[in-house]
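Here's the structure, in structure tokens; my notes come after.
Labels run A, B and C following the written order; every chain starts at residue 1.
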Amino acid sequence: MDTALPTSAQQTLPAVSPSRRPRRTTPLRSHLPAYLMVAPTVILFLVFMVFPIAFVLYTSFLDWNGIGSVFDASFTGVDNYTRLVQDPTWWTAVRNTVLYAVIKLVAELPLALVVALTLNSGLRGSTLFRTIGFLPVITSIAVVSLAFTFFFSPLGGAFNDLLFNRLGVIDEPIAFLGERDYAFWTVTGVAVWHDLGINMVFFLAALQTVPRDLYDAAMVDGAGWWEKFRSITVPAIRPITAVIVTLSLAGSLKVFDYFAVMTGGGPGFSTTTMVLYMFRYTSFGGGGLSGAATIPEVGYGSTIAIGLGLIIFAAVLIQQAISRWQEGR
Amino acid sequence: MGKDGPRRAVSRRDILKGTAAGAGALALGGAPFLNLRYGRAQAPKVTWMSNQRHDRAVKEALFAQFKEQSGIEVEMQIFADEYKDQLKLAFEAGNAPDIFNMNQPRQEVEAGWAQPLDEYLAATPGLKESFLPGAFVPNRGIWNGQTHGLPMYAQTMRLYYNRGIFERAGLDPNTPPTTWTQMREMSKTISDELKGEGVYGFILGDKFTWVWWMNVACPAQLAGAFYYDWKTGQYNFAQDGIKQAMQLMVDMEADGSIFPGVHTLTDDDARQQFSLGRAGMIIGGSWNPGVFNDQFQSTEDWETAELPLPDSGQKGRVQQGIGDRYTISAASQNKDAAWEVLKFMYSQPTMTSMFEQGMGVMGVAAANTGESTVRGVPKLAPTERDVIIPPEPELPTMTPDYQTVMQTIFDDKGSTMDQKLTEVTTAYNDAFAQVVAEGKIAQSDFVIPEFDPMTWQPPK
Amino acid sequence: MATTPVQAPRPRSQSTVRTSYVVPTPSAAAVARLRALRLGWGGVRYGLLALYMALCLYPFLWMVATSLRSSRSVFSSGLSLWVDAPQWQNYQDIWDAANIPRAATNTVIITAVCMAATILTTSMSAYALTRSDFPGRKFVMVALLTTFLVPGEMLIIPTFYVNRSLNLIGDWKSVVAVILVMTAGAQVFNIYLLISHFQTLPAELFDAAAVDGESYFGAYRRIAFPLIRPALATISLLTFMGVWNAYLVPLVYLSQVPDYQTLTIALIQYSKQFQTLYHVMAAGAVVTLVPVVLVFVFLQRYFIRGLTEGATKG
């Protein structure tokens, strides 16, 4: 389900290690109030997370059409998984999604940091700037994507008007969302536009925790701007940067809404992401209006879901390992 | 899960009854009030779930008329893309509609959602026979030996052209193209003449790739090339007819005759542009006049024509789809009322009125009179160029599907045509073989040795 | 607007730093050069910021302009933000077609309940997870962390089965289902955010409270909860945005019960019927956008504070 958070903010903050309080050897009963207080969360979790995940895992081993009862579906072992590994379109979707996630990391995060640094350097009007910079984040992705579909249209779309009529840098209007050379980059650009603000705010929050006196001390030592950035700012914001990277990575690998609304995954499969590819089997279906009926394969859709879950899991583990290694250096 | 029975036992109905009883007890002695309630609860109300929205207003009017005649109220629930999910959720939640459009008939029959209609049809003489031939054959209308779903529409494929644009481009508004070359030339003339005004010769919108079925697979059938060959029981996308039809699209694009941004447009977008007078021609099903007239309120002077023929002449006919099967759900509490609704909807007067109001070509043969005052409708009626084909095999969702392959060929400017069409042929035949091996369908059901695209007639 | 942490006065600006230390004995010419550099650098920074802000703002202005165009001019206006003859009718159209008043009421109710439920459940859990080292605590933490990696989209159908089994389908019951599912989805992020805040509260505070006879829950309610208000503001805002803009969950549960639809769903349903009426769509988008913008503008100063005071101290 979508969580009650915008995509990029969907995930957790730092893997904060809870403060180590001295473990008291009290009987279980003395913890009753604590248990009661976590109970609502735990129940919500078991019912709306753990059980559904188990269900998807179970159906990923079935040849299930999604219409009949899941108990009547035949068990096909790892067939779906073998098929997934050999499915070239799945790997296209993986490549698209990973590329998207990497762009978000290397383009969006540094940009967000630069904006945050600028806003944090005592400029007049930074509150106003911060509010405006955050505006894109608070808009619904579904609605924004609809608007951008028209914005990039070759027919009277604003962007082509700029490039073609006003600047004259292109020979004819380009269907930015409809050509395989442009569509992926255009959608990614919209996503960066939409999500930059949340990371900017995260960085801003981090920057404000850097103790002023550190800068003052550096000043006494005659450190330059870059020196201060490298030796004070970077170490100070490293923990939260690791968190921001995790958030961005997991969010990006789950992306689908921008692509679903703006390109539907096409042309070809050039903008199909992992989640969008899952929907091809679980929801949107294939045939459409065109004559022949299709046999739905929701079981395979579940396998895709598990596959993408594993990839996200692996990516986050790797990223955590890297940031731990960096901290250790 | 698996608790459907007991769960359903505590349905809204029971809660309603409970509430009604409670209300009665409160209004102690208020017997008239209680009776009134009871009486109203008994009035049958039939729910009708559909993924068709182009005919909503017409159906609503018909249902209103039906309510006056019979006292049965019909409530429509319409969903678009999410219909499949909504239908499943409705059945899962135990509030299945009384009547629904079977969009996955085989699986829905197997899941026990659909009530077999044999007994009802037997009790209604003449109804079954009134449908087009081929409406009820195994794997299409008959599953597990039982009859399921009455086909509402039997769409024909047509070319729609804008007479006003033809005239402005110096073409004769009374002679739409009759051959593929003419279609290409006329598209080019229109684009060359009117591009400055933002008007192009031809439009298609393939953001959802299925439209390649309309724009290539269907025209190719006039060259005798159906991508599934019943004679051999094999798929073959690499036939000359399909390649030529594909090449026509590639050539028109190279000419600059196709409306820009093909992949950013949905079919709806394309139809809106046509309705606004920004494209000279568009290919589409017989549902289109209703869309142009009602949904997009076109004020353009457009007309319907038959699909142009290949230059080498007609070697086959275009498939006339027969679908949108509405049926009674097995879980319905109002089956008899629902059948009354279906009888009314599929009666010849109703069907004729739907045809004449431009809703499309109807499943009931006599309804397609070809007479209508609505723009574009008369020429929708089936001709000798249309044929109801035998059922095609059902395959799982193919990735890539042949329509997406055609889109890629289009983007490759035709250079990869031979290779890609051969590859997709192999993929489809492999998938077919596998579905047969899994026992999901029988190959023999889909082999007709004597099949001929010009002469084949569906069984009566 | 009141001063916020971002604007906290700086003792010295960076350029002052450079003047005093990088150049130990400045000549008059050097000072002038540096002053020019400083002005130039400031100008560049403002310029770049202004450009970025323009990029952020332009699509909104363009959307507002589009929402006032006619069905013909919408295709010929391009980049321009100028509207010759504003078509207020577009707003009337979407207002009626998508039944905006009803949808807005539904959205407000769902959002408010979700916010309250999220704040309550996550703050209680975070408090307990921070203050007590009860058996199973670690397991809960790991379970929370793991599920945040799972794409919620894949759980839609099984979650629906759960709600069906709970008899939570149909009319207002579907609304309850939406609230439960969205509250469940909002747990992880918020719990972690709140844990980082609770950790900043000194343990002595609770020890003193215990001495005063304050119960475990009482200490949460009367001491801890009020102390983390900025974080709660952050959570409120994030939850508000998430629920207000949510698409998939309301779509699944509410599209069969039109009377209970949210704004986003009403708008998308409408767009499916008339998807190319861009100007009317834009009007709808503006209508859904205005409340979010207002709420953000009012809550934003707490929002940043909430993020700042806890998140980075882990």
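Side notes on the structure shown:
The criterion applied here is as follows: contacts are C-beta pairs under 8 Å (C-beta built on N, C-alpha and C of every residue); 3 or more make two chains touch, one makes a residue touch a chain.
Just so we're clear, the structure is a prediction, and the values are computed from it rather than from any experiment.
Central chain assignment: A. Criterion: smallest distance from chain C-alpha mean to the mean of all protein C-alpha atoms. The pair with more inter-chain C-beta contacts, choosing from A-B and A-C, is A-C. Between chain B and chain C the centroid-to-centroid distance comes to 42 Å (mean Cα coordinates, whole Å). The distance from the centre of chain A to the centre of chain B, with each centre set as the mean of the Cα atoms, comes to 37 Å. Computed from the mean C-alpha positions, the centre of chain A lies at a distance of 15 Å from the centre of chain C. Across the assembly, chain A contributes 66, 155 as residues in contact with two or more other chains. Residue positions of chain C touching 2 or more other chains: 161. Touching of two or more other chains is recorded for residues 1, 81-82, 85 of chain B.
In the complex of the two chains, the chain C residues touching chain B come out as 160-161, 164-165, 167, 169-170, 251-252, 255-256, 272-276.
By the touch criterion given at the top, residues 1-2, 81-82, 84-85, 88, 104-108, 110-111, 113, 198, 206-210, 213-214, 217, 228, 260-265, 273, 285, 319, 321, 392-401, 403-404, 407-408, 411, 435, 438, 440 of chain B touch chain A in their complex. Taken in their complex, chain A has these residues touching chain B: 63, 65-71, 87, 89, 149, 152-155, 172-173, 175, 177-180, 183, 263-264, 266-269, 280-281, 283-297. On the side of chain A, the complex with chain C involves touching residues 1-6, 9-19, 21, 23-24, 28, 31, 33-38, 40-42, 44-45, 47-53, 55-56, 66, 115, 118-123, 126-144, 146-148, 150-151, 155-162, 165-166, 193, 197, 201-202, 204-206, 208-209, 212, 216, 219-220, 222-225, 237, 239-240, 243, 250, 254, 256-257, 275, 278-279, 282, 298, 302, 305, 308-309, 312-313, 316. Those residues of chain B that touch chain C in the complex are listed here as 1, 3, 7, 10, 12, 53, 77, 79-82, 85-86, 89-90, 92-95, 266, 268-269, 272, 295.
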